[in-house]
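Worksheet: one structure, shown below.
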Amino acid sequence: MSEAERPPVLRTAGLGLRIGAVPIVDDVSLAVREGEFLVVIGPNGAGKTTLFNLLSGLTPATSGSVTFAGRDVTRAAPYQRARLGLGRTFQTSSIFAGLSTRENARIAAQAHLGGSADVLRSASAARVPLERAEAALETVGLAHRAEVPAGALSHGEKRKLDLALVLCTEPRVVLLDEPTAGMAVEDIPELVAVIQRIHRDGHATVLMVEHRMDLVMGLADRMAVMHHGTLLAVDTPDRIVANETVQSAYLGDPL
Amino acid sequence: MSDVVLLLITGLGLGALYFLVAAGLSLIWGLMRVLNFAHGAFFTVGAYAGWTASTALPSASPWLSWSISLVAGIAAGGVFATLTEVVLIRPLYARPVGQVLVTVGVSLCALALVEGTYGNDPKQILLPDALTGTTTILGAAITNARLLVIFAAALVLVLLLLFLSRTRYGLIVRAGVENRAMVEALGIDVQRAFTLVFAIGGMAAGLGGVLAGAYYGTIDPSRGTSMLIFAFIVTVIGGLGSIGGSAVAAVLVGVLQQFLNFYAAAGVGDFAVVALLAVVLLVRPGGIAGSAPT
Amino acid sequence: MRGRTLLIAAAVLALLVALPWIGVPIPGLFERSLDAPGTLNVLALCFVFGTLALSYDLLFGYVGLLSFGHALYFANGAYVFAIALTRWHVGLPAALALTALAAFLLPLALGAICLRMRDIPFAMVTLAFAEAGSILVMQNPLGLTGGEEGLALSADALPAALVGVPNTHNLYWIALALLIVAYAVARRAVDSPAGHVWQAIRENERRVAVLGLNPYGFKLGAFVLSAMIAAAAGVVYVLLQGGANPQITTSGFTLALLVMVVLGGVGTLWGAVLGGIVYEYLDFRLVALANAPVLQAFPAVVRIPLSEPLFLLGLLFIVLVLFVPGGFGGLVRRRAPAAP
């Protein structure tokens, strides 16, 4: 089966969010194919993060629908979408600062494996989630920091832990909101390698918001361009770069 | 008919008192995200400051004496609130829960001091004859003091709305309630708006304390706490941060309470108000004026 | 380190169990000797409040839920138990069963509504419900609660071993057992997988949701567990006081709880227990200070504040919030970072 024929795992139809009369995201129809790496670009305020919030259910849509893994999840709560296999990270590191790095990952692993609601046993008694957590920390290169409270990690380490939590839940589709934001340039390749592992070894479909074009060109199967809350174009990176509408959106509309 | 009119106006009067406490609470919450437990103490301190002033400065004219107590109550509420904000809330801006806890402490201390100084027994309020007299409205004899309370709260509502829409600080407060981060990003000194909101809220609560004395005829240390709780309910029902919403909810709560306490049984009205709160939360989590949950 | 902590805990426990046989006076701390019923009663009340503070810490310190209505669930246990015994005459076992049922159902129903809100609106709504409970108790519906007078237990409703001043040591042991069991249950719960999710919710609720866990269900579970422990404390309180009184339904009582937990340090369990014990003890001793003849010599500006226990406790509370955010527990942890 060729790329284009694969059924979409995540699809939106006319998806929108209005606050008062102001459209924040407007009429976005997007079909994401199973296994693809889709990068979302667009100027600041284009609605990229809001789109992610609509997809993951943190913000209820005011129009349109979201279909995920063959189900209409437009009205589903964030945790229900996550259980179906939709994982995500946030623009700023979103971790459990007061808990140890290992415990962060263990909670994520247990969320995926089940048994989180147990109040009778000790959390450290369940071996499988713990092993999964250790493995995820190993993968992102945080194994040596497992005992440290997550809040005490460096900025780059927090971003890695963000990804480790995603790894632990083995998502089918993962939304990464600017995973490299604020990272030192020399740390970025390591993080990109982890993202690629999630994509290839984890067989996850990836949607990623990213500004660094140099990075994006090598990663993306397709790119989606957002502008003023609308979806301007979805195409291969080469054709997106050559697209005149996209160019004028960026150049004719100074940030 | 006269029962209905009487209950309606008594309820309006009660709603007016709730509003005087709720207005400050709602603005403080809206702008600063501080749940101010000390607000009941501002009310109580206002009430006792008024009583103390009018007994310490006996005047030939009951009107003059009562006016002095009014001014003293407003001033005491305002000064107490301003001090609370400047000395205790301000150092804790990085710790929102700490701010709430500190207001709890202020409330405990202030109430204990009032009880220690004045005792637990109610104190009689001496009112000018004109206020203890009644006016007949549609067959119901209404105590003038209650009409005055309603009038005063309406005046405060109008003044607050004018302040919010016509003055520079009012606009800052309103914008800050909508989006505090944006106002701060514009380089506007929100700090001063915080203090101002506390001062205004404290003055309104202090005024409420003195007026409650006129409404009930007595003051006692525990009324502030029950006022505070119903004012909390009013602010949640009205939509946190909305003055108009608070006013509507205050009237609704006060009138509902009076009618049910009279026609059903004492206490049923109080109970129904809490039930109303639960219903509003289930149906419309943002309150009357709000659209989205906070 | 861990072994030594256990050893100290075991020694303290053994001492507390043996206390009713130790007839030594501790001048300054207690007016009478340790085995005197008066002293045992004060200590037992301290344990009850330690348990109550513990249940509050479970909610506030571990899940981050700031409830202003926790008194309601303590009163729930106290009043249902007292009413079942004295008004319905159902006997002790049935009264306990009824209380357990109410202790489970009330927080389940009210928590389900309150938890639709977050943060401060949640606090306000819990406060409103507790106020409704307080009004209900004061109104004395069907003559059940005794209104402002409170509800005294009739002595014949209880086994002889639980009645009368000479049997105070039995009640003391019950209160101690309550505290130990509650601590064990709470400790187990916060160390369990669910307990760790509670802490994750406290840190970052949104992330918990996108990991696939429903924060609402976890919060409701913690709310109910915490309320049930509070209700158990309410039952023992009734036994100790010989009845229920409306003071335990007031918002002021919940605020006192908050003071206890912050006093002891949030999120440690044992800190809250200590806070509850110290608060209750101080409250008791400060009343004695208020009546001390030496105080009468001072002018009113000094005398009045010193004779109001709530003023002194409130002041201590403000100072702790401003300068010692971790409470006593935080002070200890700061000195010995390796402690559990």
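The chains carry the letters A, B and C, assigned in the order they are written, with residues numbered from 1 in each.
As a convention for this text, a contact is a pair of C-beta atoms (placed from the backbone, for glycine too) under 8 Å apart; a residue touches a chain by one contact, two chains touch by 3 or more.
Remember, it's a predicted structure, so these values are computed and weren't measured experimentally.
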Checklist entry - Starting at subunit A, what is the smallest number of hops through touching chains needed to reach subunit B? => result 2
Checklist entry - Compared with subunit B, which chain's mean CA position is the farthest off? => result A
Next on the checklist: Quick check on this structure: which chain has its C-alpha centroid closest to the centroid of all protein C-alpha atoms?
Outcome noted: C
Next on the checklist: Can you compute the centre-to-centre distance for subunit A and subunit B, using the mean CA position of each chain? Integer Å is fine.
Outcome noted: 47
Checklist outcome for this item: Per the C-alpha centroid definition, the whole-Å distance linking subunit A and subunit C comes out as 44
Checklist entry - Distance-wise, how many Å sit between the C-alpha centres of subunit B and subunit C, to the nearest whole number? => result 31
Item to check | Of all residues in subunit C, those that touch subunit A in their complex | outcome: 188-189, 191-197, 199-200, 202-204, 206-215, 217-218, 221, 225
Checklist entry - Which of the residues in subunit B come into contact with subunit C in the complex? => result 29, 33, 35, 37, 88, 91-92, 95, 97-98, 100-102, 104-109, 111-113, 115-117, 225-226, 229, 232-233, 235-236, 240, 265-267, 270-271, 274-275, 277-278, 281-282, 285, 293-294
Next on the checklist: Considering only the defined contacts, which subunit C positions touch subunit B in the complex?
Outcome noted: 66, 113, 116-118, 120-121, 123-125, 127-129, 131-132, 135-136, 138-139, 250-252, 255, 258-259, 262, 300, 304-305, 307-311, 313-315, 317-318, 321-322, 325
Checklist entry - So in the complex, which bits of subunit A are touching subunit C? => result 56, 58, 77-80, 82-83, 87-88, 90, 94-99, 103-104, 106-108, 110-112, 115-124, 126, 165, 169
